[in-house]
Amino acid sequence: MPHTPDPITTLQNINKLAHFNTWAGLEIVSASPGSAEIAIDWREEFGQYSGFLHAGMVGGLLDTACGFAAVTQVGLVLTSHFSVSCLRPAVGARFIARAKLIKPGKTQCFARAELFAINDDAEKLVATGEAIMVVTG
Amino acid sequence: MPHTPDPITTLQNINKLAHFNTWAGLEIVSASPGSAEIAIDWREEFGQYSGFLHAGMVGGLLDTACGFAAVTQVGLVLTSHFSVSCLRPAVGARFIARAKLIKPGKTQCFARAELFAINDDAEKLVATGEAIMVVTG
Amino acid sequence: MPHTPDPITTLQNINKLAHFNTWAGLEIVSASPGSAEIAIDWREEFGQYSGFLHAGMVGGLLDTACGFAAVTQVGLVLTSHFSVSCLRPAVGARFIARAKLIKPGKTQCFARAELFAINDDAEKLVATGEAIMVVTG
Amino acid sequence: MPHTPDPITTLQNINKLAHFNTWAGLEIVSASPGSAEIAIDWREEFGQYSGFLHAGMVGGLLDTACGFAAVTQVGLVLTSHFSVSCLRPAVGARFIARAKLIKPGKTQCFARAELFAINDDAEKLVATGEAIMVVTG
């Protein structure tokens, strides 16, 4: 991966390659070495049967944020394992996932993320996640 | 939830309510008490940056299969926690997730699922997952 | 459980009932509503095959710290699920686990913990963990 | 690690090096390429505050079984991540953990295990677990 000087540009370039992210309107909100923040605006097609954000979207945001936090420091990665704790119903006009790389490594990385639902400018923590990734390039 | 005599019909009725599932073209392949099998056909917008099935889709399929396996036996559920092990790149023309309820319960259920990529009628195990769910109705 | 005014005394009383904790010499270092800190001094019988702290001890410390953090706020709990990320070889003269309750609840709680190895007064993060618990009394 | 022709002997040799396993009286019950079965007899010092098998022992047995299943096929490993689902109170005169290697690999392995409590010759599934390991030699 051609690292650019600016982590946000690096992540935006990768983000464009992921069709799922493009479909979801996923934005890179901020990025610095070891950290990344991404967001989506709610759309009805993100919902599960009772109208909350679908587990696939919850997990996808948390894992993507973890992956992007890793990319800012170690280059491209693939996830080996991720887990999600669903603390509260994920209901919001917008969702922000913030991730931190806990342990970079040459072959394996560990990151952790939090997902917030935003309603009327108030943030509520709705889910947490963690990911283990292997460095690919 | 109005339980119907037929688990497949029960799941199809819930599936219709989940806009994410409808968007993904998620089908109920089979269902029996404590088991469920769901599938999607590959579409480009399911892809991550290198064209594999996105972690959000992998996790969404595994968690949904676990939830549906629970529904066949205990009624509606919400996931508290799920985890995903990504064994191999998820590349396929079609993906099938098969879940089993390991431990039903009045308040808490445990299920496990496997995700297979299908290419030319050959199935390959690409991910495994597990979910803990609370029974809601 | 008869809650005492002081969270440390509450945890010490429970700690005495757990024979595994007594065997390990597990100490309550600090406690406040929603937080707990526990420690053990290294002994050879805690080791795995290459002399690092055994996964059973790593997981036991992280899960116990999570449980104790919950007890300070919601009463007795039983773990439904816990997970452990082993970031670095757990080698130390002493180990401290610090946990925070992320989401209390009437039936279900979520907590997170970190395990530090201590050598010559320097702390190193060696593992992280999380636990989901059901409230029992 | 000097691989012996017999997987049980290989595991017994490693088992002797782990002081925690020796303390716990951990036995290798059976082993074959990709599988391992280990057991302990209940002792009071394995208990948590209400007398069930302590989470540290539950996790230690599940993770050790996963590690031993991997050793039979890929050589020595270290765990990166493991998780435990506690399905039922772990009460028994004896406990057996059975693990299978799901995905061997040159650098990373995935395994899954089940823990059974034995009372009067009847086995009951009390916990399940999974582990991701890196191959070290």
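Letters A, B, C and D mark the chains as written, and numbering starts fresh at 1 in each.
Keep this in mind: a contact is a pair of C-beta atoms (placed from the backbone, for glycine too) under 8 Å apart; a residue touches a chain by one contact, two chains touch by 3 or more.
In this text, all values refer to a predicted model and were calculated from it rather than measured experimentally.
Among the other chains, the CA centroid farthest from that of chain A is the one of D.
The distance from the centre of chain B to the centre of chain C, with each centre set as the mean of the Cα atoms, comes to 34 Å. Rounded to whole angstrom units, the spacing between the C-alpha centres of chain B and chain D is 29.
In chain C, the residues that touch at least two other chains are 80-81, 83, 85, 132. Taken together, the touching pairs cover every possible pairing of the chains.
Note for the complex: chain A touches chain C at residues 83, 85, 87-88, 102-103, 110, 112, 125, 128, 130, 132. Of all residues in chain A, those touching chain B in their complex are 14-15, 17-24, 44-50, 54-57, 59-61, 63-64, 67, 76, 78-86, 89. The part of chain A that touches chain D in the complex is made up of residues 80-81, 83, 107-108, 132, 134.
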